[in-house]
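Shared between the two complexes below is subunit A, which has subunit B as its partner in the first and subunit C in the second.
Here is the complex of A and B:
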């Protein structure tokens, strides 16, 4: 596809614009002047510049990280599981990770690094629970993976319920985690980003290294095997990397819902199914969406500052409706079942 | 008026008017009422102040109670208990009706987003007109639930879609509505928003005799609805063509029945917040205990629903102690595994049929 390079460049440009806008717009006014001075010659005594560097910059970094990781995970999951609704939030990964972090903080008083490990364990646990439930409740003919998504939703509800119950149990913990649990991009979580960013980069590298076999698997396991791909190995590596990447994003700023569901559907028409093109673009798109959502959440409802999570949930939920309508309820499906 | 046997050899009691009651349904109903009473006794005894059923009975027959015992019994525990039963009753019947008219065994007012729709309109009303009277709030809840129901019908388009797909659509709408609710919560004053967020999770903390008094009309209407449409629902279970062949005016009765189901759920949402999973669990458990159709099914489902809410509340209060676990939350935690079990059983029975 020849338009891959322009798409990539356009995505870069959008991300750059989003980044600049996120940093320089605040309290209802554009502060380009302060932004450029903060970047070129930072003056710590200036109030505006220190707001940009110490508050908005960390927020933007977290938004970029969480958005990119979640979007890439969604892309890989939708491709490998061959289900248009697959995403970290719909398969129970987010909810599982959030539950483990809160439970760890409550029962074992975990520190920052241990919370990251708990998020990883929780992400894996949520993902496996989802598959287990799908297998338990599976229908005889379920070609489109309906029951997988349903069991993901059930798993998420269950873990989210447990998380809320734990939060109610401890008022101190509640004030500490309430924003985090609903998915919040906030500068106070910057030290978490400092602790976990390398995990995401590592996973991204791994995923980029296996783009070719992953793309072949999309054609069907048999075809991939005949093309010389060790399907089982690639599945395990790819899904592990996905879950770790998502869980690390959850460990930073809580479950940022539906970016992982939305972005792949935006990217795929532009780049096609080849992961080598789709993955970088979806990372850029995910980051841009999170930056813009963060900006909207911060500024659109002044004087209130929204949490980014519910805003993205709203967006993603609408898309969820559209996908279910078009994919599961269209006439062709009804004719075949 | 005599005991006879029905076509399937089950013992049945026939009245002159043609009304018939199956023995096993009657027994199940009596058994469930007994269970409800036992649970009620347990629930009344649970709490920080040590008092219980025996004190209550003595109090009724004249002997005095200490002040804090009287307060615990009459002002806190009894209203809570009654409210739990009434709300559970209504939501369970609403779920059972939805399952019949949607012909989808997984239908549930919470999972289909009807409860969230009611809450969205209630929140909207509270943001726009904080001093609105109670009756208007109930009307808003009703309108919201109905809107979501119609939207869902429009989106899934016809009844030939598979049950799981409708379910996914319901969950999708629920996500949209609940995030809208979260966003709207920010616009309410902070002292209101704390109470609201508790109610959003479904809670029995605000139960009082006045709340029960406002809820009783809905409870009474539920009986009227059961006797009016209970028989019709058993024909709906057979499928639309069959129902029409049996003389059921689908075009007229279906909208009315849908409105009735939404009304019951909206009343429960207004009083205690959303009780997700109850609408799907209670009819299944009732059907497991004693297979029934029509009116008997609705009545048994209602009883099981009330018992489930009382039970979940009592268990949560016993286990969690001081922890104020909202009833909606404990129902979700209990409900998900049971729901998965129901799915599993359904899948197994399908496999046997094939």
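Here is the complex of A and C:
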């Protein structure tokens, strides 16, 4: 508990450094000077400053938003479902949202804003599908949320398959969406961030208001109920807020996969499991990781610009191995903590 | 002081009735032990009282109010519950755990008051974990962990405490330490304690009253000295047992019988 404030401040500092680095580094060189002038006395005729303000700044904002929302959702889902593999990407939320956007664009020729709304509907639909499949498989006595994770994998594969089928069917659609479907932080999507940021902030506020009952639910539904928590209500509110927050991030820049799965595992050893401390730090860590990944994707493979989604999947894949080893293959960890 | 009373309670798991027309009142300010063989409905009774299970018929009353009509938050200020198995997420500290107990008294944005904090300190002191608030719960020893959960129940600051097998998995030393603690809750702090026990000897040592259940029906209830006798214990557990008075404390010694030896 005493560590909470320094951890929060350190996370703020990391985010700030990530933000400055993301904006200042470009074309293989640091442009601190241009960055400083761009934020103090912006000169639109300067090429360097224009790139910073009109291209990198929107990218950075999207990265911060998507990273924070996805990481917070992952933290809440892992806590409430009591499974270390729970995340927006493993419970069908991301895949559902992506499918609805692509299907909407193909069949109804949806515009940008309508695509965002479709992503929200798809995220909810994806999670509900996952939940129903788990119900059918008998999620009555499932304290570790295992059937939910398995049906989440099933649901994700199902929606991802449908999305691929649609993309393959229409070459025009493929060019337009191939990047987005794998998670792409790009300044052209800034308009969508403008349309949806308030949803994420709203969900985050709701989640922060119920940190205590959510933490109590981690002690088991009966313990939480006996301490005065309306468990069903908190579940519904928390899951709705996480699904909408995630889906709004997908609506902006496509499904950013592993942040939601991996960040909670990095945060928990530092802040503990109490959501009051874990949620703010998750948001900051998620945002920082997306900022840094965006920078690497943009600059590391010059002259090619990699998409942020695949890069995060690469990094996340490595961390995923560590998680599986820690939680599923090793019994000694539990004994030693 | 309000007390819990159960009237004609029926509870079923699916088609199987677990509690059959059970009526019993729990005396305020006393320690009451629920005893009976495995599967007789002891835990079910506690869960039904807490409203965790659907009740087929009958009533659970707190004072003269029906318990299911009381709001969760209000109920949590009057009745605390310790489940049979408690799990704490990794990395959670003892201090965080105790602080959560006061949830029903906090406003949406507020936290514990100065009075709450004093209470949390006292709760830790009573269970002998003072000064360990920053320790991780899952890093404590088995006995300490059980006392941590009891501290959480205390920190909820209720008049009535329900405990489902609080001394399971503990060795003799901690069984006695925990039950001594339970005893002091009622004697020094005036709490009503209802707890599920397995052991007749622990019951006679620490409880004021006893409720004996078998197959979902009440066999006997009342003060320990009146109810614990060879006939009642025999009928409850389906064994032959001798009851001795040892320095004012009843001791139960089940007999070895050929029947047990053969069936085992």
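By our rule, the second predicted complex is superposed on the first by the 317 of 337 C-alpha atoms of A that agree within 3 Å, B and C clash if a C-alpha of one lies under 4 Å from a C-alpha of the other, contacts with A are read in each partner's own complex, and residues count from 1 in each chain.
We take it that contacts are C-beta pairs under 8 Å (C-beta built on N, C-alpha and C of every residue); 3 or more make two chains touch, one makes a residue touch a chain.
Since the model is a prediction, treat every value here as computed from it, not as a measurement.
Which holds for A:325: it touches subunit B only (first), subunit C only (second), both, or neither?
In the superposition, A:325 contacts subunit B only.
Report for A:79: first if it touches subunit B alone, second if subunit C alone, otherwise both or neither.
In the superposition, A:79 contacts subunit C only.
Figure out whether A:226 sits in contact with subunit B (first) or subunit C (second), or with both, or with neither.
In the superposition, A:226 contacts subunit C only.
Check whether A:13 is in contact with subunit B, with subunit C, with both or with neither, and answer first, second, both or neither.
A:13 sits against neither subunit B nor subunit C.
Considering only the touch criterion stated at the top, classify A:209 as touching first (subunit B), second (subunit C), both, or neither.
So A:209 only meets subunit C here.
In the superposed arrangement, does A:269 touch subunit B (first), subunit C (second), both or neither?
Once the two structures are laid over each other on A, A:269 reaches subunit C alone.
More residues of subunit A are touched by which chain, subunit B or subunit C?
B
Taking the superposition on A as described, I'd like to know which of subunit B and subunit C A:29 touches: first, second, both or neither.
neither
Touching subunit B and also subunit C: which subunit A residues?
On subunit A, the residues that contact subunit B in one structure and subunit C in the other are 334, 337.
Quick check on the complex: what are the subunit A residues that touch subunit C?
1-2, 79, 209, 212-213, 215-216, 218-220, 222-223, 225-230, 268-269, 271-274, 334, 337
State the interface residues of subunit B toward subunit A in the complex, per the touch definition above.
Per the touch definition, subunit B meets subunit A at residues 155-157, 160-162, 164-165, 167-169, 171-173, 175-176, 178-180, 182-183, 186-187, 201, 276, 320, 323-326, 329-330, 332-333, 336-337, 339-340, 343-344, 346-347, 350-351, 354.
Which residues of subunit A touch subunit B in the complex?
Interface residues on subunit A, with respect to subunit B: 85, 133, 136-140, 146-147, 149-151, 153-155, 157-158, 161-162, 164-165, 168-169, 182, 301, 304, 306-307, 310-311, 313-314, 316-318, 320-321, 324-325, 328-329, 333-334, 337.
Quick check: in the complex, which residue numbers of subunit C touch subunit A?
Residues in contact with subunit A: 47, 50-52, 72-77, 79-81, 83, 86-93, 95-97, 100-101, 103-104, 106, 108-109, 133-134, 136, 138-139, 156.
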